[in-house]
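Next come the structures, one after another.
Each of the next two complexes has chain A plus one more chain, namely chain B in the first and chain C in the second.
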Partner chain A sequence: MERGYYWKRIVRSVISILLVISIVFVLVYSLVPRERIFNSDDTLVKLGGKPDEKLQYQMRTWQRLGYIDYENMSSYCSTLYEAGTDEIAACNLSGAKEEKDFVEKYESLGYDITYLPLSKSPIASKDRPIAKRIVEWFIQLIHIDSPNYVDEEMFPDVERKIYFGKTPTGGLAIKCSGCEYKYLAYTDTSFPFIHQNWISLYLGQSYPTFDSLQVLNVISDSQGQEKRVDTVFEDGHVETSSYKMTACKWKNSLDKLDKNKFQDNYANCTTIKKDPSMMGISFIMGIIALVLAYGIGLPVGLLMARSKSGLADKLGMLYIIFIISVPSLAYIYFFKYLGSTFFHLPTAFPTYGVSDIRSWVLPCVSLALPSIASLMLWTRRYMVDQMNSDYVKFAKAKGLNQSEIYKKHIFRNAIIPIAQGIPSSLAGCITGAIITESVYSVGGMGKMLPDAINSYNNAMIIALAFLYTTISIIGVFLGDIIITWIDPRISLANKEEGR
Partner chain B sequence: MSEKNDLFTFAEFDETKSEHIAAPRYSYWKSVWRTFVSNKFIVAVCIMMLVVVAFAMIQPLFSHYDPMYAPNINDPSSKFQSPSSEHIFGTDNIGRDLFDAVWAGAKNSLIIGFGCTIINMVLGIIVGAIWGFSKKVDVWMIEVYNVVSNVPFLLLAMILSYVLGSGFKSLIFIMCVTNWIYVAYFIRTQVMIIRDREYNLASKCLGTPTWTIITKNILPYLISVIMTYVSREIPVNISYEVFLSYLGLGLGQQNASLGRMISSYTSYMNAYPHLFWIPVSLLAVISISLYLVGQALADASDPRTHR
Partner chain C sequence: MEEKKIILSAKDIEVKFRVRDNYLNAIRGVSLDLYDGETFAIVGESGSGKSVFTKTFTGMLESNGKVTNGSVMYDGKDLTKLESDKDWEGIRGAKIATIFQDPMTSLNPIRTIGSQITEVIIKHQKVSAEEAKKQAVDIMDRVGIIDAAKRFDEYPFQYSGGMRQRIVIAIALSCRPEILICDEPTTALDVTIQAQIIDLIKDLQKELKFTTVYITHDLGVVANVADRVGVMYGGQIIEIGTVEEIFYEPAHPYTWALLSSLPQLGVKGQELNYITGTPPSLYNVIKGDAFAPRNKYALKIDFEEEPPFFKISDTHYAKTWLLDPRAPKVEKPEAIRNLHEKISAMTSKGGAYYVEQ
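The block that comes next holds the complex of A and B.
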């Protein structure tokens, strides 16, 4: 019964994610004018005086981002003739006889033909249907590395196999030849000890901000200055470098420096940087705030319930009303002001950087304030509700002492709905806090969505929508599972009683 | 003997009197009013709130404040003036009068807060009442709710304001497009709790139409619950406007907005504190008083608190 419920729920969650992403896709790609993505593109400004190049650059960018299918004469010519011949040079000139064939061919395929403003050379473009793009996005989403990754034509003699081996630092590894990554899975001494590159999420290419990077790398790679340490290379030599040897990817063309350092083509290594990733910073900050919130909110809520209508209760309510009714922006600034004038804490995160504990104090406190208020409110509410129930009166009549009733009877029951919220808030830490992070200029996840929106980074918006939705769905699901653990009376299946 | 008898007279026997129910006259709205005014502190807050709201609605009609109009922008002496008799709240970084600006902003915040709350509540209550009453509707609506509630609101709000552009209409649309479903879900749960109570079953057996049961038997019971929800909803909506304007996605440059004022004046917090603290305080006064009055009204409208 329960298992059936879980499966149904998982299927429903997946459908929800599909629907949400589809809606966001339609909103972002059909309602926002596509010219806007160039608003902050310097390349386009540089091409201002060259209308031909400008149009072609726009077309190529739209093609790269999946808006359109695009063809021009030079790509058409290279399908007709061998590279480097006279024919291809003649074909590329404007007014060539092949232009007529080009127009005919792509018109029959349903493309729109336009002519470049100066050279009058034809280009063909066709809008890609949104439904097709959504399907493709989900197909590309989960990327599994395989030994067929390396181009067969360019590298015919690369061995293609998966085998067991060791990492340069001596850990166990599943290695691959012919895959994108050399180390598909490996162990090392850093948390969580077993790592993998085998299966990865592909959430699209970032543009125009963080150009030429994958969206996922933007939010999950370390930031800041390079961290140069003694690194053991493949052939055993040690060199000061910031490369992460276990995250090296295949590189098609090696330069001289690469050849000195690496024995094979796996030379495209990620560099390790000093600061945690955007996700990492948001997560650390969120966890600290969460611990603060539960550490303060729960006990204060309990105290308020015990001294109902007393002084502690009234003071607590005052705080709760303040937090609920004053816009968060206003009280975050208020606490920022208090912290900077009376405790001389930095008002901007980058002033002292990640490694200094003072940078963390104000953002974490700001983040915890609203959670403390809501925890206080709900803990008090649930406790008061339980205090008036019959079983508590019965326990009192039996002669149990007050603290025993609180601890063993009331608290155990009141904690259930509060425990349900823990996974959600834990998972929510990853998505960051939008206001807090922008007020304190923290380099975390929270500012990514407004930044992406303001810079028209559509791929980033879709990716963040996906992450936010998935995380919140998983959080709620885990919360429901946790309450069935704590309280065996609760059954998720058959929740709605029929009448 | 006769003197004593004079004290008493025989009462006439009246048959209709036996049909009379001897209960004190109870008027619901009068009791609500009596309970509400019995709390002097809340009455004071309520009067203050009414004054502030009325002033925010009327003052901009006379000041004609326009955020795009800055006649003193090239006059350095008119910038950053401290509060004085000429400019009660001083002037801002481009020489505009702050007094006019904050009231124009407060008016917009109030319109957004009340407007969105009214739309959400009306839609939510109507849909929620039907949803809670009909099992057929429930099967579908619960699925719609599952999808909608999984979309983080901020994400949706930001994407929609990105897509629709900034401005009054789009902001109200954004804050209503999905939020009514949370009201509806809340009402649905409440309706489900009381729809199967005995008095409703009896009413049904006697042949009362469903619509009458919903409007006459169930909704009045919900007034205090709805009021509690409303009193939270108005500050929350004002807060969202502030938040979206802070991110540059809310009302847009052409409308005065307390949110944008706060965000753009934060850099002057130390040098010209009045620029920052006046909009923040006004916002706080408006939201807190609305919340307190709403909570008091909710308590007063619960018949169980009536004596």
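The block that comes next holds the complex of A and C.
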């Protein structure tokens, strides 16, 4: 009975995600003029004096980002003739006889034919329908690595298999030959101890900012300077390097340096950098703020409720009203001033960097301030509600004393609506905090969405929309599951079966 | 009448509530002796101070309320002097228990029935959890929960309203109190369940021999269960007597009015009797008899001087100037003249208040 509900809920969640992504897709890819994506592209500026190259560059970029299907003469010619022959050279010249066939072929396929401004060579392009692009986005979304990844024609000799083995540092691993990654899954000594490269999310290519990177890598890869440490290589030799051996990918052509270090083609390794990823920084900051918020907000709220209309209550209310009524930017700067003047704390995150605890104090505190206020307010309110309930009066009539009543009859009941929100706030930490992060120049997620919108990084917008939606849905779902643990009256069941 | 042991004695109780710089005189000098093992009913309309008066027995007054005068003697102690939870330990919930009006909200919705019963037993009897559970199942059995052991771990929402009130009674009685205060125990229940619950309390009282104080405005319940009745109006008991005396020889005009307004006494085709006007505001000092402005038999003196208690019999007293020898002779209203027959008709087989004995 309950399992049925969970399945339905999951299906509904997936549908919600589909809907949100579709809407964002339509907004971003049909309402934003596609020329805008070049606004901050330097390459295009450099090509300003060469209209042919400029147009072709634009066409190629649109093709790469999935806006259009695009064909030109040079690609057409290479399908007709062998590379390096005279025929192909002749075919590539403007005014060649193949141009007529090209135009005919692609017109019949529904392409628009245009001619390059100077050479008058024809090019063909066709818009890709939004619906098709959405479907493709979801098909590509989950990428599962397999031994068929490596090109069969280029590397016919590569063995294709998945097998158990060890990492260079001695951890257990599921290894693969022929996959994109050498280590599909492995254990090591860093949290969460079991890692995998087998299944990955593909959220698109970042452009124009963070060009040539996958969107997900932009927000989840470590940042800053390379971290060079003694690294054990595949063959056992130790060398100072920033390579992460367990994240090495297949590389088609090896250079000399690669050949010195690696015995096989898995030489495209991620480098480890000193600072956590954007997501990581926002998450750590969010978690610290959250712990502060619950650690202070809950007990103070309790205290306020117990001394209702007393001094503690009034002081607490003063704080809440201060936080609610003063614009957040104002009190963030106020606390920034307090912190820097009286405690000599750094006012910018990069001053001492990630590894120094002082860098975290002010941003975390200013992030926690409003959460503390709202938790105080709600805890107090729910407590007072419970204190006036009939069963608390009855508990008193039963002869229980104040602290027994609070412990057994008020606190747990009051905590139900608060507990429901915990998973959402926890998951929400990933999304970062715009104001706090910009005030303290923290390299987190907060600024990613506005930046992406400003720079027309459409893939990033869609990826962030996807992440935020998914995280919220999971957070709410977990919250609902949590209250079923605390509140026996609530069971997650389908309507027709529910009480 | 044989000499009865007084178990609780309230003397000249006055209770004031502070409401926004104003004082509300909720109870204006009430004295009452409760006899061991009797069932005493307090009747009166809303706001007459029924609940507030009994709350002084358990120190359950709201935080803005205070006993400003008088004493409640129980077991050699003056209950009005007790303040902290510690002072009340061993009395509230243990010797004097209360059950409230609404069983739907009297139980904590997110804790099991069992844990809500055992917590009282463990608290007052200092027994092990296992022993407490045994006692709890036993008392659940007694109040008529079928399959008590099985239902021990269920939650309130899995119980019907009547069953919940049985649990509330079980909790109140789990420590064998000497006095049980029932604050409108059946008001929130439907009629068929009401009779069952009243019957249950009656049976348990016979078996466990506790004293019951009923607070109700349901005169049918009073007629059915009470040994003695106190009628409250405007923060005072204005008439007190055995149930027969109150029903068949009421002396106070308010008691007359109250009895006349029993809807069951209405005659088809005629308008129902009701008491005109509103109860007095207890914020003001009341001069004379509080009921005088609504009393069609009021004398001039009723507006000037508060009447004393006049003794009618050893058990029957009323606070009305009509009983003064100098007062004119007044006949009680027609509607309640042969109340005996009317009440018997109601409580005998086929009547609205008939309870299977």
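We adopt the following convention: the second predicted complex is superposed on the first by the 493 of 499 C-alpha atoms of A that agree within 3 Å, B and C clash if a C-alpha of one lies under 4 Å from a C-alpha of the other, contacts with A are read in each partner's own complex, and residues count from 1 in each chain.
Operating definition for what follows: contacts are C-beta pairs under 8 Å (C-beta built on N, C-alpha and C of every residue); 3 or more make two chains touch, one makes a residue touch a chain.
Note that the structure is a prediction, hence the values are computed from the model and not measured.
Model built by superposing both complexes on chain A: chain B and chain C fit together without a clash. Once chain A of one complex is fitted onto chain A of the other, the partner contacts of A:Ser16 are limited to chain B, with no touch recorded for chain C.
In the superposition on chain A, A:Ser389 makes contact with chain C only, not with chain B.
Once chain A of one complex is fitted onto chain A of the other, the partner contacts of A:Pro488 are limited to chain C, with no touch recorded for chain B. Contacts of A:Pro327 after superposition: chain B is touched, whereas chain C is not reached. Put chain B and chain C next to each other and count what each touches on chain A; the higher total goes to B.
Of the two partner chains placed around the shared chain by superposition, neither chain B nor chain C is touched by A:His195.
On the chain A superposition, the C-alpha centres give an angle at chain A of 50° between chain B and chain C, rounded to a multiple of 10. With both structures placed on the common chain, the touch criterion links A:His409 to chain C but leaves chain B unconnected. Closest C-alpha contact of chain B with chain C, superposed model: 8 Å.
Chain A residues in contact with chain B (one complex) as well as with chain C (other complex) are 499. Residues 12-13, 15-17, 19-20, 23-24, 27-28, 31-32, 321-322, 324-330, 333-334, 337, 431, 434-435, 438-439, 449-450, 453-454, 461, 464-465, 468-469, 472-473, 499 of chain A are the ones that touch chain B when the two sit in their complex.
Per the touch definition, chain B reaches chain A in the complex via residues 143, 146-147, 150-152, 154-155, 158-160, 162-164, 196, 232, 235, 238-239, 242-243, 246-249, 259, 262-263, 266, 269, 276, 280, 283-284, 287-288, 290-292. Residue ranges of chain A in contact with chain C, taken from their complex: 389-391, 393-402, 404, 408-409, 412-413, 416, 486-489, 499.
Residue ranges of chain C in contact with chain A, taken from their complex: 58, 60, 85-86, 88-89, 91-94, 97-98, 100, 102, 105-112, 119-120, 123-124, 155, 157, 168, 171-172, 175.
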